[in-house]
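Note that chain A is present in both complexes that follow, paired respectively with chain B and with chain C.
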Partner chain A sequence: MKRFGTDITFILPAFAVFTLFLVVPVLSGFYYSLTDWNGLNPETRFIGLDNYIRLFNDSDVGNAIRNTLLIAVCLTIVKNALGLTLALGMQGTGKIQRIMRVWYLVPVMLSALAIGYIWAYVYSPSDGVLNTLLEAFGLDGLARDWLGDSRLSIYSVIFVSVWHFVGFTMIIYVAGLQSVPSDVYEAAYLDGAGKWSMFKNVTFPLIAPSFTVNIVVNMIVGIKVFDTIFVMTNGGPGTSTENLSILLYRQAFAFDRMGYASSIAVIMFMIILIFSMIQIFALRKREVEH
Partner chain B sequence: MALRERNGWLLSLILALWAVIVLVPILIALFVALKTPEQLLGGPLSLPTAFEWSNFSEAWKKGMMGTSLVNSVVISVSAVILIILLSSAAAYPLSRRKKKWATATYLYFLSGMMIPFQMAMIPLYKLLSQLNLIGKFAGPVLIYIALGLPFSVFLYTAFYKSIPQEIEESALIDGCGPYRTFGSILFPLLKPVTSTLLIMNTLTIWNDFFVPLLFLQSKSSRTIPLSIYSFTGEFVNQWNLIFAAVIIGSLPLVLLFLVLQRQFVQGIASGAVKG
Partner chain C sequence: MRQHRRFTGKAALLLVALLALTATACGSTEEKRAAAPGEQKEQVVLNMYMANTSDTTYMPEVNRRFEEENPGIRIELQTAPVDQFETVIKTKLASGDAPDIFTIFAGTKKDSLVKAGYLMDLSDQPWVARLTDTARETASKDGKVYGLPNRQNLIGVIYNKKIFNDLGIAVPTNWDEFLEASRKIKDSGVVPLGLGLKDQFVTQMIPYAMAPSAIYRDNPDFDKNMYAGTQQFTGSVWEQMMQDYMALNEKGFFNSDVLGTSNDQAMQMFASEKVAMTVTLHGRIAAIKEANPNLELGMFPLPYAKAGESVWVSSMPSLFGGVYAKTKHPEEAKKYMEFLTRPEIAQFYLSSVNSFPAFTDVTVDLDPALKEMEEALKVGSYYFLDAVWPNTVQLVMQQQIQSVFAGRPIPDMLKAMDKAFQDGASMQ
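Coming up: the complex of A and B.
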């Protein structure tokens, strides 16, 4: 019993802060989603599922869900494809590999805000870096209003997010690749495996844990993106880059619809929950122990 | 054999191309920060002819970046230290006791990894106003701790399991109490995980924009990202000032990273793959 008392003193501080500043707010978020709380009026009414009914008829919400999923899926695919490619080129402990690893990681150190500004400048239509470069190479035809064109803007934003964090995805793959014992490669090589079949049959199954981490983490990060969009387009032009995070922020702090915004937050939470469950179960099965 | 060589060539090309794509925007931001407004008209690709270092001092003054720098340091350092202390302490009994309550508490902490901050944001706003913590550092620090705990508890718990229990048993026999055993024997052994968490939490908190945007709006309490953000409203399109501010705000972490890059790469690697 005395040992249990000591255990409590070890756990309690973390438990208290976690409960008070994350769990309780999340639970009250569920409650607020059932009210018409507007942030100013102290009188809040319980309105049952009204917010959710409104939400399903709100075209802004449908649009935001589509954008959120598009961003999350594109980010996850591109970051993993590029991150794995970079990691494959980074194998080995040579000096060049070490320098390149650090080089690719520099954007990870910058804030999404700083990166948003840098890329807003790169993308700007008339005197932007990208269009000027294209013109310099005689590719004027490819110059675009990268953030102002409502069909393009979402992809421009996705690219910036890839640029920001692909180094992180790469490092996780580098670690996974290093954990593959070299005798496995040698055995496969002696059996006459080609490079592609070596990757497919030997490397990939063995780096499956890093693959799981990278898919799940990037998906969750992709669903939550806020800063980059907020600085670069603030959801525009129109609502072409508005995802759930941006919509939620606008509903809560521009329109003071706290109850309604809470119901959007619940939807976002559900999406994250469903995706992480599917991914963890589906991907864990493919992993092999070594 | 031919295929293999072509693949190698293609891989090198992609690697080199991405290195350029990473470098160019950063380099251009650096150039712009050194230009005068007149030079800016010369196009984004022109090199700065005379270095306009005064952009930095002007951005420093107008953005009150000295104050924000101090605020960012105070908030990040206190939140990160507390995350590490609280999570390493909590993970200790959670990893050692084979009881139902220990597993349940561990899963309770873990569930926090799936929660988007947006879900807690609105109630937190209400909670902090009731506690009169809007505009004070304590609010964001407590939120950062709550957000940082799940992953930190998770990593520490995994690591404790690799430390043999005999170490603390012999310490107990020698008359060392549980708190001293933790503080002077176990905690130093946790160093690999501690350095991973130190870096990852500092990175997240230093660069965070959302929490200060909600809770630290005033000029005297704002952090670096908010200070950079303030340039949009007041100095629209003064790119040289904005980028000077961006560089001032990013430099501390980039320098820290360059110094600690070896630990950083190994830390993320071991942390992430075990996770």
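Coming up: the complex of A and C.
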């Protein structure tokens, strides 16, 4: 009994903070999604599922969900492929590898807002760094209006997000790779495994936990991405880069529809929950202990 | 063990840094309190929370003059960028921690605050009688005044006089002349019109400048009929307006990659004389002159009219701010507002922001570039359109215009705007 008391005293402060600042707001978000709260007026009406009915008939929401999923899937695939490649290249404890690892990690430390502003300049059609460089190398034909072309803009935004956070993905893979004991490789080598089969049969299963973390985290980050888009395109041109986060912000603070925005937030929560569950379930099975 | 020690070392460093941060944060508020003069008598502190507009530049000076005259009142001014302001003020109001005076925006934008009961009714103030009609209207809801109008903004064409003179172009007074002038400028190798449509608010400048002549001059009840449901954007003059707007682009009168260019870049292009005209707020003149003091600038209303027809101006009174309904110092706040309406104070800030007065009895010497606009205002004017629309329409229109530039058909845009209007009107 005394033990129980000690446990509780340790858990209670964290639990209280967690409840007060996370659980309560999240639950009240669910509640507000059932009201017509405008974010200002203290009087709100309970309107049941009206917000959700409206949401399913709102073409902006459909467009935002499509954009959100496109961003999330692209981000997850590209960041993992690139992150793993970089990690494999940066393996080892040599000086260059160590410097390069830090180098790739630098963008992670910068704020997404600053990065958004910088890249908005890089992408600028008339005097931006990117087009100027392309022209300097005689590749004028490749110069584009990167953020102004509504077919391209979403990929331009995705690229910046990849550039921003690929270092983080890489570091998790590096950690995973370093935790693989060298005797396993030696055994595989003695058994005559080639480089590819060594990666496929030894490395990959053993770093599966990093894989799970990276896929799930990047998917969640991809679904939620807001600041980069907000600064670079604000969802434009038109609605071509408007994802659920931008739409939610707009509904909540520009249109004063806090209730409706809450229902969008709930939908986002559901999407994240479903994707994470599927991924964790599917990926956990591949993990092996060593 | 070594690892462990290194970790504790780092943790300690972090802790110290955090402590230092909080310490400085506490320190600054402490200092302010200590510095307040007149401790013996209870001093009234008026809290002002204002969005960063050109108004915030003169506020410290005006506040200083006010405090000098009223030693019993101290003004605590806090400002924030517009986006941030809009979110923060809503939270402050909802949580009951509201400033005494804060920025509100003219027209329907302030109405949700009125409806929620956050704004004090200022109709009984002596300055109300001195307001121009349009200023009073945009500061009111259901016949009651809720904000202090302080100046008027205009949208029109800012142009480079030297380029016009070199090419022998006169200020155009109708649409055909405007197109002809643009063609001449383009043929000379200069971009006729600079626009930065990457920033969504820029998309509205041309339609806002067109609408007073195209719609409201002949049909002043357009918006009333929109609310009544007997008028729609679809099938209205809007179709022609948008076609003419797009035609400017098709003729190559805008800078290239107009959707990827930001407003700042467009202004830079204008300041470096790569562009002959831009359609924007008259307030930009100051910024352009700062970037290039040698420019000779002029401004004329966008002449979206046939030859012989009169051209109306897009003009909008702007509000300084409103008073919190439950303020603890209503008398002091009203006193401050009244102070701002004094002719000599109004003249001071109007000339500092180079803006037109919102009071009938105040005159001010403005930048010579605005001479033509001063005359044009007398012909006729209508508000920036969002002042009358439900707050849902403007953003939808901005997005839709970008989409139209990217290839969306104009009727689809107008349909979306109609829907936004109905949605918003039903919520009001």
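Following the convention adopted for this analysis, the second predicted complex is superposed on the first by the 281 of 290 C-alpha atoms of A that agree within 3 Å, B and C clash if a C-alpha of one lies under 4 Å from a C-alpha of the other, contacts with A are read in each partner's own complex, and residues count from 1 in each chain.
Throughout what follows, a residue touches a chain if its C-beta (ideal position, glycine included) is under 8 Å from a C-beta of that chain, and two chains touch if they have at least 3 such contacts.
Note that the coordinates shown come from a computational prediction; the quantities given were computed from them, not determined experimentally.
Residue contacts after overlaying the shared chain place A:255 against chain C, while chain B stays out of touching range. Of the two partner chains placed around the shared chain by superposition, chain C is the only one that A:238 touches, whereas chain B remains out of contact. Contacts of A:23 after superposition on the shared chain: chain B is touched, whereas chain C is not.
Within the superposed three-chain model, A:105 lies in touch with chain B and out of touch with chain C [touch as defined at top].
For chain A, the partner with contacts to more residues, out of chain B and chain C, is B. In the overlay built on the shared chain, the residue A:127 is in contact with chain B and with chain C. In the superposed model, A:190 makes contact with neither chain B nor chain C.
127, 253 are the residues of chain A that lie in the contact sets of both chain B and chain C, per the superposition on chain A.
Note for the complex: chain C touches chain A at residues 86-87, 90, 93-94, 112-113, 115-116, 118, 197-198, 200, 255-262, 265, 269, 391-392, 395, 399-400, 402-403, 405-408, 424, 427. Residues of chain A that touch chain B in their complex: 6-7, 10-11, 13-15, 17-18, 20-26, 28-29, 32, 82, 85-86, 88-90, 100-114, 117-119, 121-122, 127-129, 132-133, 136, 163, 166, 168, 171-172, 174-176, 178-179, 194-196, 209-210, 213, 220, 223-224, 226-227, 230-231, 244-245, 248-249, 252-253, 258, 261-262, 265-266, 268-269, 272-273, 276. Chain B contributes residues 3-4, 7, 11-12, 14-15, 18-19, 21-26, 28-29, 32, 43-45, 86-87, 89-90, 92-94, 97, 105, 109, 112, 114-124, 126-127, 142-143, 145-147, 149-150, 153, 178, 182, 203, 206-210, 214, 224-225, 228-229, 232, 239, 242-243, 246, 249-250, 253-254, 257-258, 261, 264-265, 268-270, 272-273, 275 to its touches with chain A in the complex. Chain contact summary for the complex, chain A toward chain C: residues 38-42, 120, 123-127, 145-150, 233-240, 242, 250, 253-257.
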